[in-house]
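Okay, handing you the structure first.
Which chain is which? They are A, B, C and D, in the order written, and residues in each are numbered from 1.
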Amino acid sequence: MSGIGRTVWAIAEGYIPPASTGDSREMTSHETVCILNAGKAPAHVEIMVYFADRAPAGPYRFTVEAERTRHLRFNDFKDPAPVPVNTDFSSVITSDVPIVCQHTRLDSRQAALALLSTMAFAAG
Amino acid sequence: MSGIGRTVWAIAEGYIPPASTGDSREMTSHETVCILNAGKAPAHVEIMVYFADRAPAGPYRFTVEAERTRHLRFNDFKDPAPVPVNTDFSSVITSDVPIVCQHTRLDSRQAALALLSTMAFAAG
Amino acid sequence: MSGIGRTVWAIAEGYIPPASTGDSREMTSHETVCILNAGKAPAHVEIMVYFADRAPAGPYRFTVEAERTRHLRFNDFKDPAPVPVNTDFSSVITSDVPIVCQHTRLDSRQAALALLSTMAFAAG
Amino acid sequence: MSGIGRTVWAIAEGYIPPASTGDSREMTSHETVCILNAGKAPAHVEIMVYFADRAPAGPYRFTVEAERTRHLRFNDFKDPAPVPVNTDFSSVITSDVPIVCQHTRLDSRQAALALLSTMAFAAG
């Protein structure tokens, strides 16, 4: 299971809903990139975030250990700067080893949650 | 980060829900194409819209500046003609430089919103 | 805009929810394949439907005219046989010219609708 | 219709919602991989499940007969071990013949269900 995936991924959609129903972490509105590293070496991942009207932010740096997955919430990004809510963005994910990336949103602004998900675009 | 993506994209699904719950822009039912231009040159984008029973409309023209994203709502398209609501359509997006396109709908016809999203098909 | 897409597509998920809230066509639960023919010649499309425990059904035959889209509901398939509701299925779509296929479900079993969508798998 | 698809697929997102509204199988929150075997030979499928903080589980073994589909719920996986609810995971699906894989979640934690779906990533 070494080498599954690609090293450059892009997600054109990005949006953190500005409100939630309830306050559990589980049900908080969130924008997520799920990263699978099915290989035998750790993945050093960098994420750049693109906006409509200002320069990109990042890189945000993460390690995904060998044979592990991380479901990263853009809501939790802090360094170099938080990702603003209620703001359109996109992202590009690069890694030094092959990974697989999928984009998921949980939106609980209204009393019934909504979900979306799509595999990211394998760009390189 | 130059040259990420493709220059021809297609979205076979297209539908603007004819009603919404509430009247904020944020919660208005909408059909969106999110376009990421992660490259160093502006992207000149043309969108053609295809219908079930009449000739295609367009091109709708947009610029996505270098290292920026635009989340375009089909609801907002005006020139050469608005896209009708409650009508099946498809779209093809072309650009003079590589871009990444993703399709998202927010449907708030009922009291709880629904979402869908998928990466567009990289056709060229 | 000739020749956009592929000639063989597959959708592994398939399910017609057995109930709906309301009885308008618009809000009836449905399972759809959206087909874009952006080319200059009509597309002659055949769809095979696969089940868990019996032989495949089809081919279901449709024409998508040049530069047109059709959003076909599996609910409406009749010849050679209707597609049963509340039953897992998959589908393969073939065409004599390139097309683009996307899968969408609207599920209104509960009082708030739910949506899913994904580009089909370009298999050939 | 022989040979449609690929033999290695990956799904970076994975999560079984820990609760449901109602207790019918149909409306129970579930995480599913839909597998289409459109070919003429049975598909022997192995699924590995990856976690954030411990070693992968599996392989989970299934057969998808020729010209059949199976919509497998991770909720039902038992051997070698159940997949925990409310836990982030990813999966890799391998087969000895080409198959097509799609990921779908039905989340009925709240009174109105939510859906997501995406084609899996064709990794090999």
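The criterion applied here is as follows: a contact is a pair of C-beta atoms (placed from the backbone, for glycine too) under 8 Å apart; a residue touches a chain by one contact, two chains touch by 3 or more.
Here the structure is a predicted model, which means the values were calculated and not measured.
In this assembly, the chain whose C-alpha centre lies farthest from subunit B is D. The pairing of subunit A with subunit D is characterised as different-residue: of all residue numbers used at this interface, under half are used by both copies.
Averaging C-alpha coordinates per chain places the centre of subunit B 30 Å away from that of subunit D. One finds 21 Å separating the Cα centroids of subunit A and subunit B. Counting only residues that touch two or more partner chains, subunit B has 111-112, 114-119. Residues of subunit B that touch subunit A in their complex: 1, 4-5, 21, 26-27, 32, 34-36, 38, 67-71, 100-102, 104, 108, 111-119, 122. Every residue of subunit A that touches subunit B in the complex is listed here, in rising order: 8, 10-15, 18, 48, 50-53, 55-56, 86, 88-90, 92, 103, 105, 107, 109-112, 114-121, 123-124.
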